[in-house]
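Some structures are shown below for you to check.
What follows is chain A paired twice: with chain B in the first complex and chain C in the second.
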Partner chain A sequence: MKRNGMYFWGGAALFLAGALLMTQVIGNQYPFFACYVILQFIVLAVAWSILGGYAGYVNFGTSAFFGVGVYTAVFLFKATGVPLAVQIAAAAAVGALMGFALGLLTLRMQGIFFSIATIAATIIIETAITNWRYVGGASGIQLQRPAVMAPFDNYVEMLFFVQAVMVVLAVAISRYIQNSWIGRGLQALKDDELAAECTGVPTLRLKLTACVISGALMCAAGAPAAMYLQYADPASAFNLNYSVSALAMSLIGGTAHWAGPVIGAILLGVTQQLLTVTISSEVNVLVLGVMLVLFVVAAPEGIVGLIRKVRSKRNEGEG
Partner chain B sequence: MKRRTLLGGTIAVAVLGLTTAAIGQQAPIKIGMSMAQTGGLAGGGKASLLGIEVWRDDVNARGGLLGRKVELVVYDDKSSASETPAIYSKLLDVDKVDILFAPYATVPTAPLMPLVKQRGMLLMGNFSFQVNSKVGHDMWFNNAPWGPADSWASSFLDLGQKAGGKTIALLAADQEFAQNLAKTAREVATKLGMQVVFDQAYPPSTVEFSGILRALKAAKPDIVYVASYPPDSAGILRAVNEIGIGDNVKLFGGGMVGLQFGTVMENLGSLLNGVVNYNTWLPEPQMYNDGTKAFFEAYTKRAVEAKVDPLGYYLAPYGYANGQMIEQAIKAVGSLDQKALAKYLREKTHKTIVGSITFAADGEWKETGVVQAQFRGIKDKNIEQFRSPGKQVILFPAKMKSGDLITPFEAARK
Partner chain C sequence: MALSLAIRDLDAGYGAVKALRGVSLHVESGETVALLGTNGNGKSTLMKCVAGLVRPERGSLILTIDGTAHDLTKLSAEAIVDLGVAMVPEGRRLFPKLTVLENLMLGAFRKAARQNIDRNLALAFETFPALKGLQKQLAGTMSGGQQQMLAIARALMSSPRLLLIDEPSVGLSPLLVSQTITKIGELNRHLGLTVLMAEQNFNQTIRIADRGYIIVHGEIVVAADSVDELRGNDIVKRLYLGGIV
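Entry: the complex of A and B
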């Protein structure tokens, strides 16, 4: 266990060092633009998996959290001009509150009803923002980035690194949850909530914790998007694509292990970025659709599940 | 190890081959853009792209520019603002394009404005609305004929006032373009001394409009200014057909998006009669310029194959015009220097298939080229009827006028 932890933190440090090195060495802007989007999806997928994967509550409201993150940043930037770190922290706080409210919803709703309620929440929040003129309303709002901070010489490079830090944070939290009593409790309530409750698992507390953490991470992932696009409009910020992608990435990667959403997000995110600049037509929508169907049919437990199956078969063979 | 050497050798040979091939002929001039080919804006995006492609083929047939062929590098932005920054970064940093065209519509273009300003790149706009007003990039030129921000509303309300209208009702979708139109309409109404008796925004997903229209009817306005998107434009006209709009309405329409698209017009048929709506190009004799007829002949032939709007009046000729403007600028300047090209575009008047274009300081047309036209004698289920003149009679601007307004609206509907 301890050795595992060392490997993990070593890997995380190496990843961050690599990201930082990239910003200092590569002069071409495109990798940062493309990688930023992929990193953003890793955070979203990992965050989704904390509630959707560990606890089995399928949340279609990723775009609601993401959009609120975007608009928290827009509001704070317009009102006070606070730096990016404060925007992200505030978005995380707002996301935690939203997550708490979502958690209370689970008291009454489970399964498909919970999922539908999360879609409804997205629509309600988007409509509210659409009618809030201060943050641009339906017309959207253009933002001018402030000066970039050292050691970066470009804002997108900085955003890329910030998002890389968030990936490490999100994955670390998800890994901690999976390996701790919280993860085991969530696992129990995923299998049978009533039975878990009867055996003394504090289901409500656990669900609230999962919702708060998941919500905070999703909102935090959305906050830098305002500065990435230098523009925000409700239709783009609350795009259902975020919900669908986060869900698909987690499912393709596998929801039983923290690495699942990471693998899924990298695979799907990279494919999306590649298809955008290669096939670049209706066909790329088809390719993604076919990929999803193939994974659901061939690997219902995701890539992580597939790897586990192959490994256990090999072990059996050896035994 | 051996396999690796072999692989390295193959790559080296391939790279060498590519380089020699490139040196063999002069590299083409690359024009980069993203264009909606999927998502909500795809219908317009594809038609616009076809217009640009017709220009590319024409210019290449004439021998290209600066002795080099013209090549388009196009990616799908999925109608989304979140895709365009990465795409344009790739166009600039990886594809190393020489000229940038903007994607179709406002939302995908808005995030690009700061980017092109920071990079000092010229950007030819493609039907976006007021994206440069806050950024203030001096190398932005929009092909859309909107002109000054308020000209759209003022042309329509002016027609209404001349027809004796004193009160106005505003009905606008809660989306970026429609809300911008509604905002300027309120300002123009105040300027003209008109009273706004009804002002309603509706959510973009609205499908049933009879309730809203009943409330509008009760306010008894003289002029109804509608700023809507294709699905709602159809919904509103269907509701008007069902419950009527009242006898005192003299003018109805203004900013209804969708009534410019062939398939939408075909579906609505006779419901269009009487509506006065904005347009960018119509087959009225006054709207033909040098090359317009040839363009539409080429476009119509290719539209079937490309599965885009068979009429293509709204966007396609303006895509072609964007090409014409950059062609004239490159020929006059004799290089691809962005600053010199921008200077030329800013200072000169450009002859295109959609008329002469002169830019104001903000990169929008100095004078509006938007026409307000009234639908007349439209029959159901016939797309070909829209190709003949007289079906959409131009009322504004005066120099393009091809007929007089029929009022009240209820009489014009018959």
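Entry: the complex of A and C
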């Protein structure tokens, strides 16, 4: 276990160092634009998986959290001009509160009812933002990026690095949960909620905890998006695509292990970026759908499940 | 370690459906008390009320431990587990996609129980040696008898003092029913566990019970102070022993 932890943190440090090096070496802006989106999806998928994967509560409200993150940042930037780090922290706090409220209202519902409630939440919040003039209403809002901080010489490069830090944070949290009693409790209630209660698992509290953490991470992931595009509007900030992508990436990667959503997000994120450049941004939604269907049919446990199957087969072969 | 459970005038139900009406029952330290009744008479609802899984509408549920009274109607299911009450639910309700060992670990979910994991795990394997070799097997792939063993072993992981067992005989062959009931009797005698057991199988149950209640349509119709009294009861004869009354 200890050794695993060392490898993990070593890998995380290497990843961040690599990201930082990239910003110093590569002059072309495009890789940062593309990689930012992939990193953002890694955070969303990992966050989704904390509730949707570990606890088995399928959340269709990723876009609600993402959009609230975007608009928390927009509001704070317009009202006070606070720096990016504060915007992200505030978005995380708002996301946690929102997760708590949504969880309290909906987590007593099981299965499909919870999922429907989360879609409803997305629509309600989007409507509210659309009617809020201060942050631009339905027509959206243009934002002027402030001066970039050293050692970065370009704002997108900085956003890219910030999102990379969030990936490490999200993965570390998800990994911690998986290996802790919280993870075991979530796994138990996913398998059989009544049995979990019988053994003393505080099911509602654990589900709320998962919802709060998941919500905070999703909102945080959305916070830099307005600065990334220099523009925000409700239709794109609350786009259902975020919900579908986060879910698809987690399921394709596999939800049994923290690495699943990371693998899924990289695989789908890279594919989407390639398709957007080579064909069109509309095709990537189609590809997402096709891949999801293929995986649900051929590998319902995702890539992580496939790897495990191959490994156990090999072990049997040796034994 | 004196422990007693007193249930008084309990009403419970699900919406418009009343499952329990004015149920009173008590369990004293070290006893094995049987709650007998056929399907749909409220046995499971009563067990769930004690475990905090169903909130009663009226009445009291008092668990007294070493002179301190705890009102179970005001406590959450996990707080009741902390008091030393463990439930073996009807139909076993294992975690089918988790291994035997993971199932057992989850039995020790509460903070207090985590400190005694090694001791309780040893106890569980000592009680059910067959489980020791199955640790890595998925619970869902085991036979009914093995699953029942695991369900009881999982309950033991929380260091309980009062064991609630809901229909351990369901879905088991007659031989396994007999073995399971004998095992529960041993837990009571050797570990000093107080047992409240809901069952349909009259003849097996009275082998280990000290006393018993019979519940019909959500009401206690017989409260017998001994097994002999149960055996001689007219309602028992009619319901269980095929007697013509």
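In the analysis below, the second predicted complex is superposed on the first by the 311 of 319 C-alpha atoms of A that agree within 3 Å, B and C clash if a C-alpha of one lies under 4 Å from a C-alpha of the other, contacts with A are read in each partner's own complex, and residues count from 1 in each chain.
Throughout what follows, a residue touches a chain if its C-beta (ideal position, glycine included) is under 8 Å from a C-beta of that chain, and two chains touch if they have at least 3 such contacts.
On a predicted model such as this, the values are computed, not experimentally measured, just so you know.
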item: Which of chain B and chain C A:195 touches, first, second, both or neither; value: second
item: First (chain B), second (chain C), both or neither touched by A:85; value: neither
item: Partner chain in contact with A:142 - chain B first, chain C second, else both or neither; value: first
item: Which superposed partner A:310 touches (first chain B, second chain C, both, neither); value: neither
item: Residues on chain A lying within both footprints (that of chain B and that of chain C); value: none
item: In the complex with chain A, residue positions of chain C that touch it; value: 51, 53, 76-78, 81-82, 86-89, 93-98, 102, 105-107, 109-110, 113-114, 154-155, 157-158
item: Chain C-facing residues of chain A, complex; value: 181, 184-185, 187-188, 191-192, 194-202
item: Residues of chain A that touch chain B when the two form their complex; value: 28-30, 32-34, 36-37, 127, 130-131, 137-140, 142, 144-145, 156, 225, 228-231, 233, 235-236, 239, 241, 273, 276-277, 280-282, 284-285
item: Chain B - residues contacting chain A, complex; value: 37-38, 74-76, 78, 80-83, 85-87, 89-90, 92-94, 106-107, 110-111, 113-115, 131, 134-135, 173-176, 178-180, 201, 203-204
